[in-house]
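One chain, chain A, links the two complexes that follow: it is found with chain B in the first and with chain C in the second.
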Partner chain A sequence: MKALAWFSFLFGATFFILPLIGMAEFSLSMLRGVYSFEAYRVVLRDPAFQATFLYSVMMALGTIVLGIGLVVPTAYWVRLRLPQARPLIEFITLLPLVIPAIVIVYGYIRMFNTSSILPLTGSVTGTNILLLFGYTTLALPYMYRAVDTGLRTIDVGTLTEAAQSLGAGWVTILGRLILPNVLTAVLSGAFLTFAIVIGEFTMAALLNRPAFGPYMQLMGANRAYEPAALAVIAFGITWACMGLISVVGRLSKHTRAAR
Partner chain B sequence: MAFLTISHLVKDFGSLRVVKDFNLDIAKGEFVSLLGPSGCGKTTVLRMVAGFEAPSLGSITIDGQDVTALRPNQRNIGMVFQAYALFPNLTVAQNVGFGLKVAGMAAAEQKARVSEMLDLIGLPEKGPSYPFQLSGGQQQRVALARALAVKPRVLLLDEPLSALDAKIRVSLRTEIREIQKRLGITTIFVTHDQEEALSMSDRVVVMNGGVAEQVATPFDIYNRPATRFVANFVGALSTLQARVIDAGAGRVALGEVEMTLSGPVPPGPSVTVALRPEAAHLGRGNGRETVLQGVIRDVNFMGSVIRIKADVAGATLSMDTFNRPDTPPPPIGSQAEISLAARDLIILEP
Partner chain C sequence: MRFQPLRWVGVLPFFAFSALFLIAPTLYIVINSFRSGVSAIEGANFWTLQNFRDLMTPSVINAYWVSIKISFFSAVLGCLIGFAMAAAVTFGQLPRVLKQPLLTFSGVASNFAGVPLAFAFIATIGPAGLITLWLRNEFGINLRVLGFNLLSTRGLVITYLFFQIPLMILIITPALEGLKREWREAAAILGATGAQYWRMVALPILFPSLLGTLALLFANSFGAVATAIALTGPSLNIAPILLYAQIRGDVLGSPNVGYALATGMIVITALANGLYIWLRTRSERWLK
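Entry: the complex of A and B
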């Protein structure tokens, strides 16, 4: 029985890992006959890589800030005062999973084009803001779930009342009590958001922004070894984010806090 | 003049009225307990005083200020919760100093006040610890220190001992009462534990169905219950049906034994009277002029006290007797004489 379990695990792992090994091996084969990091060197020295990667990192950070600002107060308020609205909020936050990004971005373009009341696509800043909103929408299911799960681990109602009885207002309660207590969950959502934004293609491409996703696509269409190197880098970033989620969870000082 | 006045307080949840015309005056420095079964409205009253629930009708005044419409963070009321409610991300010192920081107190003053509070609760060395590193009793003491640090006008205790084990509960209730007396802080304590309420309070409010059935000292609540509910809820009680001979003179008969009660009884053929277990005596006793014949039905050995149940005058009468090693309890089924003083019989409303 144990052997069968191991066989199933190894078969599954092989199915998943073999293509990655193949891709990594291919990314190291740019120079004929030897393994080297030449493809990585070429990619990392490419000014377009640096510009697009920096752009996506900045967008990811902006998305995280906006997401936290939107989701933490919403999830907190729903848990505290509007528990009956929870199914509706959950449904809304799940919509980005069932509505393709292309539909969302076409909706944005139609709503905010240059002939609309709010012509965001008419300027670079406006389009960046639009993309930021788009990314926030895409990350909503992950961020909301992460924060909601975090809120579930603390007695939101009693902690809020205790803080109120000590004279605290809403901003103090959210900033100094609720957010720090769900920080691990918020960071989990943040890292997931980061991973999503770094690799996102559809929205950035259709809004014509110089993001990392369209750059990867461009490289894939024109080069042989560099796209494999880029894919390995992208995987590395994603895994690093996943690792950080786990590390943050373990390092949290008060994970065993009384509920 | 009352320091805290609760006037004609009503609370409706939808169509359900959980607090009905509740009135209470509390003097400055008084310790008042709200005692009652689950769902009697005691916690709702407390939450309305704290500002967590808005009254449907009525008003709450503290030190002459009407606080009914004030938000909880504007009332300067300290509260201790059943579930401790310590902030898990803050150390003990930060928890105690939270309200001071919110109030904008200078750092040096905060530090001194926190230190004073930790000394008060006997945990001066626990400042750097996190709540999860403390026992339940220690957490509740920190919660008390946190509530007191801001020098609140009123302290509210919402079943603060319920989550603790029996031994800690007894020691902590003494500690809470001593601290309350030392600081002279007006306190409302919510509990469903009658022993806690009777042992800690200056006055007890016994609540039932959203109304205050009786507001009195623990002594009066126990010995002179105003209603049948209070009599039954507080302490153990045996009830007996007595035949009325002369209602105005309080003359009744239990079986064939006639006696005169301490006051007049309601007119009618019979009246319900009640007796505390410690007021009945096995055998004849000094000052207990009424002697009834009974049959021993049950004997419960409880250590220092033995509770004996006997069939008397068509009812079961409980009596407590001190355990004496040289006097074994009577055998079950044996005949026994039970004596009592007629003045100890509590006349219950019809």
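Entry: the complex of A and C
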């Protein structure tokens, strides 16, 4: 039994570690015969890398802001006043996991084309907005679940009544009471969103936006060593996002008052 | 409770957003897959099943079939290996320190998909990858001669496992932890062996979770586009890549047949996800 457990653990661990070693080794081997950071140097200096990376970072930040603005008030209101809407809203937030992203963006391209009522794909700004909305739908399941879990730990009703008796309006309640209280949950949703958006390929490629995902794909089709360096960078970003989630989660335990 | 319209105003932005940018685009695709489209000859746009009939060419059927096979094998293998690893750290008497790192790593790896994942595997077992070269130089084993090619369906299955196994671990570990010690003890008192306990108590309780996760993993890899394109380019004939090519350049020759292709994909992922959600509510009865 114990031997079997060790075997399956080591088998799986090997499977996970080998590709990571492979990409790390490959990314260091651009110069023949010696290990060097040449591939990273080339990638980081590439103006296309800088532009697309910056674009995707901005997109990720925009998605996070829009996602928070959309999800926090909704989840709060459902908890406070509209529990009967919960199953419906939960169902909608799960839809992006059911409908492949490629189908959603296909719908965008056809619905918001230049001859439609809302011709978003007709201009660069419009397409950027459309991509931002697309990413927000992709992030919806993670964002909503994170925020809803956060709201579960606080007494929404009492907090709201207390704030209202002190004369707070809805904006104050949401911005200065609810949001700080669920900040941990919101941040973990935000980091997950960042990890998903930064390297997203399908939506950006089909909407022809210069994002990091299509850039990586282009490099993969044309270069040998740079893609491995990009993979290491992308893995590092994913790892950092997940690390930040657990750091934030740990910090919040200390800030909670003793009962 | 009385219907109070004012209360629904608070969730209006959410409904407006999801209606406009999630539900309407999807419905647009689904509805138009049953429409003829405005043709130059007939001019009218009428309801029809012709798009689905036109879709049934050997090449498209093959694309769906290869996709289903890839998703199925990567889901089954992901379930088996993920279950073995989760069981190993949960009750395999391994050092306790291994468990948390494995779960943390699974969180990272299950989100490490798309283009960079393909790069990692190309650098490892691709034509000039680390392991490929190592096997050839040290042992004289040529993977290509043995019939292994990363840029194939089998290669895709192996690559997908990198996010399938971690997802399985993340979902099944809480379920394994939900198995109560008392059940095992009760079974032992009644004279059950370890194998009997697993066969007659633990596995029936876990069965809905296992089957549900299998369905989820299936859907998870069925809709994956980026990894496949980065790995094999636009040439491999699988459903998501075919749809990608259709959106880019109308390879099927009719936009409405393209909608039918997309609708077919929604049906398959919706069935798999529906199965997952249904089975998860069933498994929650026992594993609370």
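Operating definition for what follows: the second predicted complex is superposed on the first by the 242 of 259 C-alpha atoms of A that agree within 3 Å, B and C clash if a C-alpha of one lies under 4 Å from a C-alpha of the other, contacts with A are read in each partner's own complex, and residues count from 1 in each chain.
Assume a contact is a pair of C-beta atoms (placed from the backbone, for glycine too) under 8 Å apart; a residue touches a chain by one contact, two chains touch by 3 or more.
All values derive from a computational prediction rather than experimental measurement.
**Student:** Counting touched residues of chain A, say whether chain B or chain C comes out ahead.
**Tutor:** C
**Student:** For A:Gln164, decide between first (touching chain B), second (touching chain C), both and neither.
**Tutor:** first
**Student:** On the A-aligned overlay, A:Arg86 touches which partner chain: chain B = first, chain C = second, or both, or neither?
**Tutor:** Touch partners of A:Arg86: none, neither chain B nor chain C.
**Student:** Per the contact definition in the header, classify A:Tyr106: touching chain B only (first), chain C only (second), both, or neither.
**Tutor:** second
**Student:** Touching A:Ser8 in the superposition: chain B (first), chain C (second), both, neither?
**Tutor:** second
**Student:** A:Gly22 contacts which: chain B (first), chain C (second), both, neither?
**Tutor:** Only chain C is touched by A:Gly22; chain B is not.
**Student:** Kindly classify A:Arg41 by the partners it touches after superposition: chain B alone (first), chain C alone (second), both, or neither?
**Tutor:** neither
**Student:** Of the residues on chain A, which ones does chain B touch that chain C also touches?
**Tutor:** Dual-contact residues (chain A): none.
**Student:** Sort out for me which residues of chain C touch chain A in the complex.
**Tutor:** Those residues of chain C that touch chain A are 1, 7-8, 10-11, 13-14, 17-18, 21-26, 28-29, 32, 81-82, 84-85, 87-89, 92-94, 98, 102, 104-105, 107-109, 111-112, 114-125, 128-131, 161-162, 165-166, 194, 219, 222-223, 225-226, 229-230, 233, 240, 243-244, 247-248, 255, 258, 262, 265-266, 269-270, 273-274, 277.
**Student:** Where on chain A is chain B touching in the complex?
**Tutor:** Residue list for chain A touching chain B: 154-155, 158-159, 161-169, 172, 177, 180-181, 183, 253-254, 256-259.
**Student:** Give every residue of chain A touching chain C within the complex, in rising order.
**Tutor:** So the residues of chain A touching chain C come out as 1-2, 4-6, 8-9, 11-12, 15-16, 18-23, 25-27, 70-71, 73-74, 77-78, 81-82, 84-85, 89, 92, 94-111, 133-134, 136-137, 140, 192, 195-196, 199-202, 206, 213, 216-217, 220-221, 224, 227-228, 230-231, 234-235, 238-239, 241-242, 245-246.
**Student:** Mind pulling up the chain B residues that touch chain A in the complex?
**Tutor:** Against chain A, chain B makes touches at 50-52, 71-79, 81, 83-89, 98-99, 102-103, 130-132, 139, 143, 146-147, 150, 156.
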